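Would you mind keeping the following structure in view while I ask a few things?
Chain naming follows the written order as A, B, C, D, E and F, and within any one chain the residues start at number 1.
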Amino acid sequence: MTDILTVVDTLCKTPRVGWLQRGVTDAETVCAHSLLVTLLAGEIAARLNTEGVDINMAEVLAVAAVHDLAEAVLGHPGREVRDRLRWEELEEEVFKREFPHLAEFFRWYRYETNTVGRIVAFADKLATLIRACRYSQLGYPTEDLARSLYKKLMAYDDFAHILDYYVSKYCRGLS
Amino acid sequence: MTDILTVVDTLCKTPRVGWLQRGVTDAETVCAHSLLVTLLAGEIAARLNTEGVDINMAEVLAVAAVHDLAEAVLGHPGREVRDRLRWEELEEEVFKREFPHLAEFFRWYRYETNTVGRIVAFADKLATLIRACRYSQLGYPTEDLARSLYKKLMAYDDFAHILDYYVSKYCRGLS
Amino acid sequence: MTDILTVVDTLCKTPRVGWLQRGVTDAETVCAHSLLVTLLAGEIAARLNTEGVDINMAEVLAVAAVHDLAEAVLGHPGREVRDRLRWEELEEEVFKREFPHLAEFFRWYRYETNTVGRIVAFADKLATLIRACRYSQLGYPTEDLARSLYKKLMAYDDFAHILDYYVSKYCRGLS
Amino acid sequence: MTDILTVVDTLCKTPRVGWLQRGVTDAETVCAHSLLVTLLAGEIAARLNTEGVDINMAEVLAVAAVHDLAEAVLGHPGREVRDRLRWEELEEEVFKREFPHLAEFFRWYRYETNTVGRIVAFADKLATLIRACRYSQLGYPTEDLARSLYKKLMAYDDFAHILDYYVSKYCRGLS
Amino acid sequence: MTDILTVVDTLCKTPRVGWLQRGVTDAETVCAHSLLVTLLAGEIAARLNTEGVDINMAEVLAVAAVHDLAEAVLGHPGREVRDRLRWEELEEEVFKREFPHLAEFFRWYRYETNTVGRIVAFADKLATLIRACRYSQLGYPTEDLARSLYKKLMAYDDFAHILDYYVSKYCRGLS
Amino acid sequence: MTDILTVVDTLCKTPRVGWLQRGVTDAETVCAHSLLVTLLAGEIAARLNTEGVDINMAEVLAVAAVHDLAEAVLGHPGREVRDRLRWEELEEEVFKREFPHLAEFFRWYRYETNTVGRIVAFADKLATLIRACRYSQLGYPTEDLARSLYKKLMAYDDFAHILDYYVSKYCRGLS
């Protein structure tokens, strides 16, 4: 198995390049993002459970916690690099080789093969939207990204009320 | 529910005080520690599954990912402060109030009420041991802590072979 | 005596948790706060001396410079932790054990047993208010804290003109 | 033209992923690397000029200073990502689009089309070797990388005496 | 020759004191500034070439890339220190001793002895103006500096249209 | 009076250039150094008091806490800059203008006009020696500086036993 100590240190020292490219000082790292997705996915799962949808909380948290692990090997390159590759296949390969016991969870998320994976994929985009809104309040030019994420999130019809809740909490000026 | 954005930022900006008190520059944060525990617990669960012990991987990862969340509210004070309080009860209170949907997972870990919780409690100490060994290699005086953690970890009889594996990988000079 | 090198490094690497919990990036450390209290207390003492109140400048600076030393041992936990303990007694114990030659100065400040201690206690709160106002100007949600500190500071009747001076300089929108 | 302010901030905040993956705390950024290549290439050019080889100093410095600019757009991903793409073509595209006035300089370096470009390509690898040696002295496991770079650098026959000079200065235990 | 590794690390860890004195958190380092001057001078040279003025691009980039190297030895002190010394002579001495092969380039810039040096001197001030404007947008009190730099830049009559371009892009509220 | 908030932030963000020039990552700031001098001077004063020498503890702490304040205005330039100026007169001027109420304390230290000032001047050098020894243990090349400071400290005959104590505690390999 791989050296998880440097996996952690790489993820917790790698700034997300989209923020850097918008001038953000002290940009969110990949590991901080992963934790935000985990907490967000957990809140969403709790809410859905309250609403009578039966969601396995442990699975939601687990998938969210590991969904970006491949970036410890691949790094966090710009959009243009990802678009040139079948990025998701590359990630999957890394999982199979480095974290075989977690590869199935990755697939749930990446290909949204079940509800758990779908919640995490939604939370992943939503976490980025929330962060973009916070950065915008601090004076950084992240509105473009916020708007484009908002559109993508609206495609998740059944989570519309959840999207509304977080947008009204974190992204006042958006909609 | 609480503001998870500042929960994340607090955890990812709070250095673990034990490292600071041993002079470590750029000390591990609480959120980096949590991720290390998560990956370590996942590796251990995978190994135990291979050995025929049936462990729910999602639960292990989920519990590990959230086990230190209360520190977003409580901070990460020195040993002396924890010893004066029923620290675990205080943590539990915070979970009930701020993360009620995660409180059950916290209890598994803190009171080791089931195998999942026991694995995470073991991984929590082991992650700190591994970090202490790495810091020691970089020239920091962390041997005392490593030795005391090693003793505590030896109490987990059935995980002795797992302890051996990680000690031989990360803590050559220890035993 | 204790290892003052790690005392310094701990204090200068420990962010004040209240700022983290309000999302402040690159939050003020305990040692930066101590220095601010020292300079502020010095300015206040100079002013009082001008006004004919006889203040020992050296004592004011000395007490301010050391008033938070116990946090090198205790860390800087959240409000909730402090409220559960007799925090000031815990601090005093640490002083007696680790910095016995400074324990008397600590008591002047903590129990406001003389004018010097009272000035430092006032400057301690005022330094936090000033910082809150600066953070607010940068876009962080610290108004609640500013307002609550302002109230506490108004209790120092005889320093009202001093409070006015700093509020008009740093906290325009406050009163 | 592109926004050079965020170009700079991205390059000066992007840690080189190879160091992170070897556990280096406070890893060299892309912009610090670029400056090291610039100074190194300048020293080498000065030496070659002394030896009677006629090198245009301005061109060497200019090419070195800009050789990694494309990473402001592409980020600094892991080796595996670069190997899947025609990375150099991707870089060239970015240059043509974002820095057309610098694209020719990039080609000199990337395809080693002239002596200037060859010196910079050599200095690029040498700068990484020197850094690896320094990290190794601080306790990080970078010997593997140092050894593999050393081999690549030995392929530049005519710069062998230069390689010797820097290896004896920075990498005592290597050869 | 001097140790260029610590030259780089010093420049990339030295914050420019003028920003610190205006309260900027995570202030621009000397090496980030140098890179900004380099890119800016390159853009300006490209534009002038388009306009029919014949500028040697390599020389402009080279001079910009090295213009602040002396600060690796001298540090980056406050204005008051520079004004007490013949700062430019001190810089020149450092260049002659530590970077003799670059001393001529330094003189072009410092004494504006030719068009290349003049472009870099202009870009040096313009880079600081642009940064001041960005900091101002984030809430820092840097308008005074922006205004004073703007005045100095207006003295370069023949670059007036270039100044206009960058001011309208980065410093909306200024003129 | 001056803006003490930016005084603090400047001092707590300014790395001491001598460490940078020896390659130290995360170098000690001026404000961390000031705190170390304060604690060290306090320990020395306590010891001298025990030995029957009558030292005013408050004065020792006060002088140490403020002795480097002028660097908020002047910055922390390299040795070469200080040697070209009457640095101490420049510092004194800054004190008179910006911190007139502290100028007398500065003079005690800078010109060692009394025992209090002499203790702080001794502690200032000793703090730098201790830090040099710690950096040396972490792998940085600071022995030259340690040795030169040790010689200067030996000139304080009456503090020889104090020097011995700290050297045996922090600088094993030195004498």
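In the analysis below, a residue touches a chain if its C-beta (ideal position, glycine included) is under 8 Å from a C-beta of that chain, and two chains touch if they have at least 3 such contacts.
Everything quoted here is computed from the prediction, not taken from an experiment.
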item	value
Chains touching both chain D and chain F	B, E
Repeat of interface A-D, chosen from C-E, E-F or D-F - more than half of residue-number contact pairs shared	E-F
For chain B paired with chain F, centre-to-centre distance based on mean C-alpha positions, whole Å	39
Centre-to-centre distance between chain E and chain D (centres being mean Cα positions), rounded to whole Å	23
Approximate Å spacing (C-alpha centroids) for the pair chain B, chain C	33
Of all residues in chain D, the ones touching two or more other chains	5, 9, 23, 25-26, 134, 138-139
Touch relationships between chains, expressed as pairs	A-B, A-C, A-D, A-E, B-C, B-D, B-F, C-E, C-F, D-E, D-F, E-F
Parts of chain B lying in touch with chain C, wherever the complex brings them together	5-6, 9-10, 13-15, 17, 20-23, 25, 27, 72-78, 80-81, 84-85, 90, 94
In the complex with chain F, residue positions of chain C that touch it	1, 4-5, 7-9, 11-12, 29, 31-32, 34-36, 38-40, 42-43, 45-46, 49, 56-66, 69, 99-102, 105, 130-131, 134, 170
Chain B to chain D touching residues, read off their complex	25-26, 134, 137-139
